[in-house]
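Per-chain residue numbering starts at 1, and chain names A, B and C are given in the order in which the chains are listed.
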């Protein structure tokens, strides 16, 4: 596709003028900082009490290996990411399937459904944080009216995690729905017809025709959400601050606290390096399944 | 392809709206510039500081100074001040300071000590250092210097419902159940009993009348980020424990037997606190008390005074008495940890002279009285203000409660001079929160905190 | 890829609601054939089927709205509920008070919103210029280093904010730009370049290559091709990219929280200052700010639903 380099002739100069600014910008403000983080991870640097970073012989990494709190954070993040993604895929699939049946006002409905993921995560956190609040929130109030047990939503380890999961599912199920909806729309309608003529029921239709066609996209959407949910930060800061105890101290919150509450930028950078490495592997796997999914969607 | 004309129309409209917004905004912003020096204040959104900012603007106007606040969550003020001073941010002039932050902020050279301004007799005259009540201002001192202009003290006390405690039915029932007379708790054992006694479900009776809502034995604020620890620390001290470490040997003692006993006690007491205590600060807790739904509140005196006696916020006006905290270890009667709030001058301020001038004017005897008009619950830190007859008559609540406190001769502990105090306190508070929420047993939680504080101390080279 | 996405040209032509003609012997939608529609087989009991379908649709719509709307309505309600009964949860019906919105304007809290608006707009425009130029070359030229460069630009998309906030704070410190709107604009331009390039790339894929190629054969220079041919056709893509960038910048939280202090606080950071007011019940004011923060987003959804949907679909699949 496209024009060949040679066809440009003297246009080469323009080409560089057009492309280079973006590349330079990205290298300077996005890649550069990431590389600096790698380097900072090898240094002792407390921004408040150290004058300058100083090499500390991988001490950050030895600390990292025996840091129980970090291990716990990674476990919590993993748990959160997996459950949140599962919930989002189920809800998103349901919504996408429903939208695909062409309900009246579908486009407006889609727009409204997308609102949560477009609004600021801080506002999402605030809305859900107050909804779960004992004093003004309607969730405890509804339970009270129904005479159900009244957990301290944001102050009990299990339910604090649950509240964050609900907020995350609310915010991001629309994204999954959007992607799956696009995939559903791409399925040739003749396939349904053939199956219907064969007398397939709704469920069989879904399992035999729809699911195989959109599995790739489900994987893509799930991969996307897994990676983002693993690094969830904004809503945690607003809703629980990592508490109670350390029961919702996800890995991003751990890094945030190390960097901006304990000022240990070196150690925080080492943890980030670890995360980037893990993320790199995840991304590579994701790109592979993404390629497959696209192959399936556009045969 | 897309239908082109429509998107073009929309995009043009969008561009025009944004451009006009940009233009109007720039114009209105430039027109606001006047011949005033603008000082900035980094602080928490507390009523007393809102009052302070208001009075500072009134007093500053004739001096050609205006004050603009930026409010952050209370615990973030400390973090922001530290990070900003290290990042070379020159924006601030004043930083709110809490006594526990003094070692950290002064070690990081984030604020200028008031002593550095006292080179001339005029300056000393303006500050009047001898007028400060040293029991309250001691927390703002570090390395022999005063690091902030003292603004408000906040002794921790109990506020209790006088009507409920005096009720004959309740008295009789209490005597029958516990074997001693109902009264304001003098010991922590009594506090636990009393809190348990007054914890009632909707439908049960209180003072002979059925309750239509739950009633709580104890109302407290336990939000993490310092609020929880600053309520618990009094109990920690009362139980004979160190404040997290022994300043003589620098050995952390987070899991000492006394500390463990205090945490276990607090976890037990938690059962009788109002639900949601873990997510509220003083304001939220006092609203519950003000709604007539609690028997006892344990909080900073000014928190209680700013809500409970205010008719438009409170249903219990005139029904609240104030008392000293209970006692556990006899050698530490009514133990409490000193609490002081001040106004510090930011190290990188661009307006050194103006900042000092305005701060001393607003926190002078006269200025303090003006702030008290805006915030009547202010507990002043100047002797001249407390002695002022006008204050005695107009702020009887403050005066009486303060008298109770000073005459009670409580055992007062001070936060140790450790520049990493806030971090150590965070670690301990996280353990306390884990124990209270049942995430960990008190033993495990405190051992964890002990290990983390030891780690912190080792990294800083205090211990090997 | 995704060219037949929901906002694609075919979407508006999808079948109309069944009530359009439930008694039609060929099913409700047979009268207006559309390329992607799912034809409904003629059935003997067509009316009950249509009714069932309609009930099912209504139930689905209700479920969808019941899932999405309550937190919004709750915020709006809190923001107009009088202070006196704010914590009285049984009271749903009350005379709304707009005091808080008035206070909001009067107290100068508009300043953070204003900062958000200015920095997000300028940042997005900057992104559009840089990313637009790059995207056009990436879409229409084949060259050796293309894949490498493309990956180099798209790679940072995978770095979450928390991973680069430390060095950026130090960089801004050394440039003396901390707590300035300029710093935010610089950062915002950089954040969304990968996203914008990707979105534009997918949109530009719809532009017929032959146009540019024949122009090039005729000896037109690259700037001429870009200005005369590509730019006019890139409109929808640019609009979608702008909206996406704006929304992401508007919502950005961690960077403004760390790198600004007073002069350049943004709306999302101002939200944070409300969450821990000490003595006041801040819920009302908090909800007000939340509603105000959400207004532009709602406007975007209403005005540019299709660009947004298409942009998001493309943007989510950022390679």
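Please note the rule applied: a contact is a pair of C-beta atoms (placed from the backbone, for glycine too) under 8 Å apart; a residue touches a chain by one contact, two chains touch by 3 or more.
Just so it is clear, the model here is predicted, and its values are computed rather than measured.
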{"item": "Distance-to-centre winner among chains (Cα means, whole assembly as reference)", "value": "A"}
{"item": "Maximum centroid distance from chain C, chain identifier (CA atoms)", "value": "B"}
{"item": "Chain pair with the higher count of C-beta pairs in contact (A-C, B-C)", "value": "A-C"}
{"item": "Centre-of-Cα separation between chain B and chain A, whole angstrom", "value": "37"}
{"item": "Separation of mean Cα positions, chain C and chain B [Å, integer]", "value": "40"}
{"item": "Geometric centre distance via CA averages, chain C-chain A, whole Å", "value": "16"}
{"item": "Contacts with two or more other chains, residues of chain A listed in rising order", "value": "133, 135, 260"}
{"item": "Of all residues in chain B, the ones touching two or more other chains", "value": "83, 225, 284, 287"}
{"item": "Junction residues of chain C - those touching two or more other chains", "value": "87, 258, 272, 275"}
{"item": "Complex contact set, residues of chain B against chain C", "value": "1-2, 4, 7-8, 10-11, 14, 18, 21-22, 25, 40, 42, 44-47, 68, 70-76, 80, 83-84, 87-89, 91-92, 223, 225, 281-284, 286-287, 303, 306-307"}
{"item": "Of all residues in chain C, those that touch chain B in their complex", "value": "9, 87, 114, 117-118, 121, 169, 172-173, 176, 178-179, 206, 233, 235-236, 238-239, 258, 261-263, 265, 272-282, 303-304, 307"}
{"item": "Residues of chain A defined as touching chain B within the complex", "value": "47-49, 69, 133-135, 150, 152, 154-157, 241, 243-247, 260-263"}
{"item": "Contact set on chain B toward chain A in their complex", "value": "79, 82-83, 86, 104, 107-108, 224-225, 275-280, 284, 287-288, 419, 423, 426, 430-431, 433-440, 445, 452, 456, 460"}
{"item": "Footprint of chain C on chain A - complex, ascending", "value": "1-5, 7-8, 10-11, 14-15, 17-19, 21-23, 25-34, 36-37, 40, 91, 95, 98, 101-124, 126-131, 133, 135-138, 141, 170, 174-175, 178-179, 181-182, 185-186, 189, 192-193, 196, 220-221, 224, 227-228, 231, 233-234, 237-238, 252, 255-256, 259-260, 265, 268-269, 272, 275-276, 279-280, 283, 287, 290, 294, 297-298"}
